[in-house]
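After this come two complexes, each holding subunit A, first together with subunit B and then together with subunit C.
This part shows the complex of A and B:
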């Protein structure tokens, strides 16, 4: 793809209203938005609910199809669909993680995962859907095995962070778990052998050219050999690992700092997401959304990235989450303290033509 | 005095005289009125200290000069001075300031709250916590803390 010749801009497609408090997080449902299946997006909020939005195939606009309420009694901080799209996991400040099953558009809470001492802040499914990870203010990361009949078994409680854990994220293809924290570090967790013996294999901290304040989020590129993280230190950092040696079973293949993008943000960066096409998107407390791509000037010592476009005033308040759709429609969703979710498309500013990647 | 207070005998200062805004007759009532330092100070000066029957102004925890505002950028920073440097109430005071400004200012405003440099033993930790909006959001779902904050804020609504 070539981002050199044209100017690009984000165009607002739709504003989704309905939440009555800040929207914290988003999840595009896998296997939707492609092959005639309408795109489905979940959003969760400080109003203690989760909303399911579905794109109409006739009009192309999103409508709220379901409101998941009366289960969590505090903020729902994070949500994640299982890879098959059958289950939705929601993590709440009420110390529980709920598992919802979608039966023909009717969502039923089929399981509640208890164990964290207080606020659960993030939830993530591994690539195969056999494992679930959660983390929270109690500084721990929990790994749950997904058993038949909606049973979930805690197989490991990982201690290591010294402050609350903001996000957990599985590697897109391997069973390696990443967590980032208020303690300014990113930790990499892997299983030793196959006996549920999970442990920390690497800590990316200040001495590994890491962040100097809270790390809020991280995301992987399509091939899984690069990771991007964002922080309260106003930078985003790109990390790389030798994917070949990881795939051949060396989960200790270290992640190294490739570059830092500083000077672009002037308030906390809450969210970062790397699209399959290679566009890094950030959402920040300055109400703006920014897109970055690898620059052609990348040198032998490592890649360089440039700002593709910045959408000022993307929302009326902080942008808490940005998320590219993983399917063909190339849509971006964002969530904000202003209580809204927005759907964006990326186009060239000259031709008004939707970007063909 | 009740024993067990963090600072049993705080120095109490006189309140500053309240200035009223001059309003000459020819003011355009439709003109956008800028939010200034005094307006922000007025929102927070009467907040009650969590452990004393005095306002934050009377204890000089905040002063008018501790408020920096840039209305064009919708930005406010409040720097407060705990009465003692081991004050365990610092985060509660910071929370009160944040909540009051959240309720008083237009939502476009970005607010930073910090303790004055060198006035608290765990300055960096207090500042980090007060400016982590996720922790603030979680704290404000804790009924005990909300009661405490509301009690401190009550006089500031009079």
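This part shows the complex of A and C:
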């Protein structure tokens, strides 16, 4: 794709209203939005509910299809679909993680994972859907195995962060877990042998050119050899690892700092997501959404990134989450403290035509 | 001349003498109260560690009994973790309080205990059970 010749802009497609408190997090349902299956998006909120939005194939607009309520009794902070799209995991400040089964649009809570001492902040499925990770204010990271009949075994409780853990994220193809924290670090967790023996194999901190304040989120590029992280220190950082040697069995190939994008943000960056097409999107406390792409000026000793476009006042308040759809429709969703979810599409600002990536 | 120096010597050394007397008295008192305080801390910490280890011992024994009665009650993975707790409890250096491995082992026991309780869907604790969030602001 070529981002050099044209100017691009984000166009608001739709504003989704319904939540009665801040919206924290989003999840596009896998296997939807392609091959005639209508796109489905989940959003979770301080109003203790999760809303399921479905795109109408006739009008193209999103409608709320289900409200998942009466299970969590505090804020729902994070939600994640299993890779098959059959299960939705929701992490809550009520210290539990709920597992919902989607049977033809009817959602039933089939399991509740208890173990964290207090607020659960994030939940993530591994690529195969066999493992689930959670993290929270009790500084711990938990790994659960998905068993038949909606049973979950706790595989490991990992202690290592010295503060609130903000997010857990599995690598897109390998069973390596990443966590980021209020302690300013990113930790990499891997299993030693097939023995439930999970431990921290790397800590990316200030001495590894890492962040100097809370790390809020991280995301991977399509091939999984690069990772982007965003922070309260107003920077986003790109990390790289030798994925070939990782795939050949050396799972501990270290991640190294490739570059830092600073000067673009002047408030906390809460969310970052890397699209399959290579566009990095950030959501920040200045209510704006920014898009970055790798610059043609990238040099031999590392890639460089440039701002593609910035959407000022994308929301009325903090942007808590940004998430690209992983399927063909190239839509971006954002969630905000203003209680709304917005759907965006990226196009060239000269013509009205939709960008063909 | 010598005679005059002698006269003043005691008053010249007055400050030094008082300092030494005070120091000796303070040192003696400090030894007593320091020992007593050390004894109290030792009693308290020793009791706390003993209480926690005993609690785990009891849980592990009950789980092992339950697993013997109904082997399907606890999954293989969790039985393995219970066994690891069992081994840690056996090898804990109870009579060597200065051995550093002790605190690592307590940490490992706590994590394994949490994992087992979560998988068995149990909430087990006693009054005063240590929580990581206690030190949270």
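To be clear about the criterion, the second predicted complex is superposed on the first by the 357 of 357 C-alpha atoms of A that agree within 3 Å, B and C clash if a C-alpha of one lies under 4 Å from a C-alpha of the other, contacts with A are read in each partner's own complex, and residues count from 1 in each chain.
Convention: contacts are C-beta pairs under 8 Å (C-beta built on N, C-alpha and C of every residue); 3 or more make two chains touch, one makes a residue touch a chain.
Values in this document were obtained by computation on a predicted structure and should not be read as measured data.
Student: Using the touch definition from the top, say if A:145 reaches subunit B (first), subunit C (second), both or neither.
Tutor: After superposition on chain A, A:145 lies in contact with subunit C alone.
Student: Between subunit B (first) and subunit C (second), which, if any, makes contact with A:157: first, second, both or neither?
Tutor: second
Student: Report for A:338: first if it touches subunit B alone, second if subunit C alone, otherwise both or neither.
Tutor: first
Student: Is A:318 in contact with subunit B, with subunit C, with both, or with neither (first, second, both, neither)?
Tutor: first
Student: With the two complexes superposed on chain A, say which partner A:137 touches: subunit B (first), subunit C (second), both, or neither.
Tutor: The answer is both, since A:137 touches subunit B and subunit C.
Student: A:125 contacts which: subunit B (first), subunit C (second), both, neither?
Tutor: A:125 contacts neither subunit B nor subunit C.
Student: Do any residues of subunit A touch both subunit B and subunit C, and if so, which are they?
Tutor: Common interface on subunit A, subunit B vs subunit C: 118, 137.
Student: Could you please specify the touching residues of subunit A with respect to subunit C in the complex?
Tutor: Listed in rising order, the residues of subunit A that touch subunit C are 113-115, 117-118, 137-140, 142, 145, 147, 152-159, 196.
Student: Applying the document's contact rule, which stretches of subunit C touch subunit A when the two form their complex?
Tutor: Those in contact with subunit A are residues 75, 77-78, 80-81, 107, 111-112, 114-119, 121, 123, 131-133, 136.
Student: Under the touch definition given earlier, write down the residues of subunit B that touch subunit A in their complex.
Tutor: These residues of subunit B touch subunit A: 107-108, 110, 128, 131-135, 137-138, 141.
Student: So in the complex, which bits of subunit A are touching subunit B?
Tutor: Going by the criterion above, the answer is residues 22, 46, 74-75, 77, 93, 118-119, 121, 137, 164, 166, 182, 213-214, 232, 267-268, 285-286, 316-318, 337-338.
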